[in-house]
Amino acid sequence: MAQLTMVQALNKAIADEMERDSSVFCLGEDISDKDGGFGGAFAVTRGLYEKFGEERVLNTPISEILISGAAIGAAMVGSRPIADLQYGDFIFCMMDQLCNQAAKMCYMSGGQVKVPMVLRAPVGATQRGAQHAQSLEGFFTRVPGLKVICPATPYDAVGLLKTAIRDDNPVIVFEHKKLYGGKRVEAGAIAPVGEVPDKEYTIDFGKAEIKREGTDITIVANLLMMYRAMEAASHLEKEGISCEVIDPRTLVPFDFDTVIKSVKKTGRLMIVHEDTYSNGWGAEISAYVAEHAIYYLDAPIVRVTTYDTPIPFSPVLEDYVIPSTERIIESVRQLMDS
Amino acid sequence: MEAKMLLEMYEQMDLIRTYEETLYYLFLEGIMPGSIHQSHGQEACAVGMLYGLRKTDYMASTHRPAGHDIAKGVSVKDMMCEMFGKEDGCCKGRGGAMHTGDITVGAIPANAIVGGNIPISTGIGLSLKMQKRDDVVVCFFGDGASNEGAFHEGLNGAAIWKLPVIFVCENNLYGASTSIKNTLNIEDIALRADSYGMPGEVVDGNDVLAVYAAAQRAITRARKGEGPTLLELKTYRIAGHSRSDGCAYRDDVEEAEWFARDPIELLKNKILKEKIADEQILADIHEKNEQIVNEAVDYAIEAKEPSVDDVLLNVYWEGD
Amino acid sequence: MAQLTMVQALNKAIADEMERDSSVFCLGEDISDKDGGFGGAFAVTRGLYEKFGEERVLNTPISEILISGAAIGAAMVGSRPIADLQYGDFIFCMMDQLCNQAAKMCYMSGGQVKVPMVLRAPVGATQRGAQHAQSLEGFFTRVPGLKVICPATPYDAVGLLKTAIRDDNPVIVFEHKKLYGGKRVEAGAIAPVGEVPDKEYTIDFGKAEIKREGTDITIVANLLMMYRAMEAASHLEKEGISCEVIDPRTLVPFDFDTVIKSVKKTGRLMIVHEDTYSNGWGAEISAYVAEHAIYYLDAPIVRVTTYDTPIPFSPVLEDYVIPSTERIIESVRQLMDS
Amino acid sequence: MEAKMLLEMYEQMDLIRTYEETLYYLFLEGIMPGSIHQSHGQEACAVGMLYGLRKTDYMASTHRPAGHDIAKGVSVKDMMCEMFGKEDGCCKGRGGAMHTGDITVGAIPANAIVGGNIPISTGIGLSLKMQKRDDVVVCFFGDGASNEGAFHEGLNGAAIWKLPVIFVCENNLYGASTSIKNTLNIEDIALRADSYGMPGEVVDGNDVLAVYAAAQRAITRARKGEGPTLLELKTYRIAGHSRSDGCAYRDDVEEAEWFARDPIELLKNKILKEKIADEQILADIHEKNEQIVNEAVDYAIEAKEPSVDDVLLNVYWEGD
């Protein structure tokens, strides 16, 4: 058992897979630490150059169409690329390659080709302004052909990233900047350290984890918001409100069974995410439950999300638009009263 | 040796033309779904570039893929079935006219996003290099595509990593209805190779042997690990951009000049002049091609539709 | 009163506005019909070159970043560009300019600059395969700063497009290929012809239209699906099921009031769209109602949508994945039974 | 005349340096939110390009905007307030370090997407031309940005439409930690101008007068309606890429060589050598700049935070 930060866990998963399978390689901007390079904007790929050499830890130009296109092409003919985005927001620069190419290639070709690639994209607001702050999950949970995962703990990071690398489909991994740990400490960062078994393991996609059992309300929350939901649940317990907190861990595929089972027990559903309110990934969860399990609900399905604005730079405003533990607590109280 | 090659080239070019003209009539008859972009007039580009390539070499095409596919060895029957959206199509009817291909002969299923196949070809080249294979990728695109960001990023990547990719710009003077005069401030797209420190070459795209010669230079370079090349093949599409296009935007003089340089006629004249074959032999070739295409049509019309029960199949990979 | 097709109506709106305001101009691939050019992939911009000249009907290279960037830049300094996409699917090639630039510019600048631009994007499946078929609304209903409209009738096309052109924000107009009319007749096209007053008018955003009143179920549907929903409603009437059909007309802003008012009356809500099921724009409507009006519901909220696949080329499969009138009818029956 | 210009240039360059160094200390003290990308060492690029421009000319900047903003005339106080996220900031605290600007002096609020400002600048140029204004746009970006698709598409558009845009590539040899040796297969980015049929020029970016001279040539051309120019300013950033970067990826020899060519020192030497001013005058200038910056800091620290009640304001335009 090792105690690892998210950055260490992600690094371990990549290193293990590169060790295991010589077709795995990394590419992205500043990902190598050769000759004093960054080893990734958040240092996730540090040390890999030394272990695996320049060819498998490939620094690219600032060129997101190239990064994504190169990953797709390489994946189509036998490689297993892990592409890196410095900030998730830059994903729009490669949107065609992801949505029109990677996602559709297998289907359009009638199953001739597969695209086993991973794209890692940091999300979350950290006082950098609107172009370095977005939570982007909902753009991709609507693209058939893509898988979308959101590991929030070091344990999950290792298990899910390994599964992603071994998956034969394009997988987008959203990681939260405030969970990374490591040298860059952002205001309000949590940087969880968690146990990671030495023994090799993977985690299947589509299996949510009940982080905390409860009876009054089901809270589904990912990434940083999972931690805030847990904190809120602790507080609310003192008020006699028992929250069940579920981390879906993967958004596509999504473990609706676990959520619906929980809703059957609690009768109340709240979704908490840093993604936008309108058509955030929670909209789909809410709509799905309203379609398939509405009769188990005793109250409205509530979404506690970032407000529908570009993320403001001002720390005061940024803190306001992103769901805080207090906002979650208050929202639960209101929902329990309704 | 050269004689054999010329006749095979002729056979392929004629097959492409026969195939695409047949499609056109099928559309006119109203029995074929969707639309098509014919490569009519550009057959020398496809055949000159791809003649003699290995099955393990790759080819990446565009919305106008039929010529490239046939020259790379995709079965006409599989393509025809695809055109009709049938289960026996090369893409099981899921792809359609703009996505035909067959990975088993190195024809990457085609890409309908202008420029979209360029960075992907760079990626294929990257993997080939990492795998230490000496295979190459031939990536086709149009003059119009050379204005896409994907062109810029894809060529730059291939250049800095010295990848075995041959970038082939078929400059047919128009992107849809728009003349290159309005979209490019330069004469030769090949010049853009300089931006990436890659060799660029202008080639007569209607002369299949000129194309072949340039292709061999670029392929040899690529196989030796010396990196990519940009070839600009000057050519002209005889048909419209797509099935509904009457080419009102082109003037008669220009058309007449280019039509007089029909690549199939040029090759035919050469074959006849050099007495490599006589009219009869060429007519036989054409007849054989017609038969291939007609059989494909008959088969495709009768072939079975995909089952709606399988509609979700291959949204995700089903396992090797 | 003129009887116009959608293409004629859109053309009229653009021509009128170009006439009225010299800062309005069009740009896009093949939009001019100078010297025999297309006048737009669907002929919407035909004849404008002759009226307004080359400068204001600007053929661009095949270069979507340029088209969008040029529109944004021009809009920032006093022009009112109308940008054109040949097929909506190519929108991913300009995604950064739309989502990171156009949408955020006003907010990030603290209100210094506005971006009054329109982007017209044809959607819908017409036997062209997966890269020429998508319905993309849900990608943009989640981007704060953008407005999203979907005119389905010639009357609405004129009124809404004029409003879009005069709006000081970036507006994305989704038009349906099977509604256009004009020379290219697609299999299954409807090509409505409708009355358009000679007198100038505009239609405010955020005002849904009740296309048909009913008492048993509320159906919200846009573009082609609105017509199919209307057809379904006619059939269902004969079975004694009374459908209220609402065309939201604009998705951002969305007229939740009209929908909720209707749901209060009918107790049942169905959303029909050609957008994807998962996180399609209907997910938001469903989730919103599940959050704000759940107590008025007598049944699950059902979404009848395109199945979650890349759009298959095969006409048989394409027809199957897109909601048909029959599928809508069957779904209503099931919902009425539940 | 030249004397006045040189002193004003010096004053601006010193102000930029003073402002950015102060920011750096504020970060070290931990009282400033977010991050910053300093233009330390590149001040001659900003000032040489923008000196003497009209307010009605536009400037479009990047994640590293402070120098450009100051040279275009944005108030240091407004920028400092923005850095602290205050309501009095040039972007009302909504933008932050990577989005500063002031449209009223022609400084387009900066763009943090590498290359993102390039096609937008083309659009501004397009509108200027349509409005028949003889104003110009100066668009800054880095060596790294020249590998983005947005660069390719933006420059091509400006070239074919002959727009009044000056594209300025500040080649500081690195994109973040990555050397241009690994991202470009060519020596000079200016060469890429050829792809668009536009003039390209390599300039010593640390010599403010060389930059100014090249700027004037390009601006004159643009104002006359002769179209865009690509200028490549060879320069070096003295500070790290962002506040947390120690530049471990650069070698000492390279750093020493470039540090010896600090643009402010070069200008200072010239001024002293040509006896345009003495040490004391330059010290006074610096002192005045320090005062401006310090006053801005004091003001910004005390300035009021934006109200959360206004958080939705300007998601959409609120009316003129």
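A few remarks follow.
Per-chain residue numbering starts at 1, and chain names A, B, C and D are given in the order in which the chains are listed.
Basically, contacts are C-beta pairs under 8 Å (C-beta built on N, C-alpha and C of every residue); 3 or more make two chains touch, one makes a residue touch a chain.
Because the structure is predicted, anything quoted here is derived from the model rather than measured.
Common partners of subunit A and subunit B, by the touch rule above, are C, D. Using the average of C-alpha coordinates as each chain's centre, D ends up farthest from subunit C. Each chain gets a centre from the mean of its Cα atoms; for subunit C and subunit D, those two points are 40 Å apart.
Note on chain placement: the centre of subunit B and the centre of subunit C lie 35 Å apart, centres being C-alpha means.
Each chain gets a centre from the mean of its Cα atoms; for subunit B and subunit D, those two points are 45 Å apart. Among the residues of subunit A, those touching two or more other chains are numbered 60-61, 63-66, 89-90, 93, 96, 100, 107-108, 129-131, 144-145, 308-310, 312-313. For subunit B, residues that reach two or more other chains under the stated contact definition are 91, 93-95, 99, 111, 113, 147-150, 153, 156, 160, 182-184, 315. If you sketch which chains touch which, every chain touches every other chain without exception.
For subunit B in complex with subunit D, the touching residues are 147-153, 156, 159-160, 182-186, 191-192, 194-198.
Every residue of subunit C that touches subunit B in the complex is listed here, in rising order: 29-30, 35-38, 41, 59-66, 89-90, 93, 126-132, 183-184, 187, 307-310, 312-317, 320-321. Every residue of subunit D that touches subunit A in the complex is listed here, in rising order: 33-35, 82, 85-86, 91, 93-99, 111-115, 144-145, 147-150, 175-178, 182-184, 244-245, 247-250, 305-306, 308, 311-312, 315. Listing the residues of subunit D that touch subunit C in their complex gives 58, 89-95, 99, 101-104, 108-109, 111, 113, 116, 118-128, 130-131, 149-150, 153-154, 156-157, 160-161, 313-320.
Considering their complex, residues 25, 55-56, 58, 60-61, 63-66, 68-79, 81, 96-97, 100-101, 105-114, 116, 144-145, 147, 168-169 of subunit A touch subunit B.
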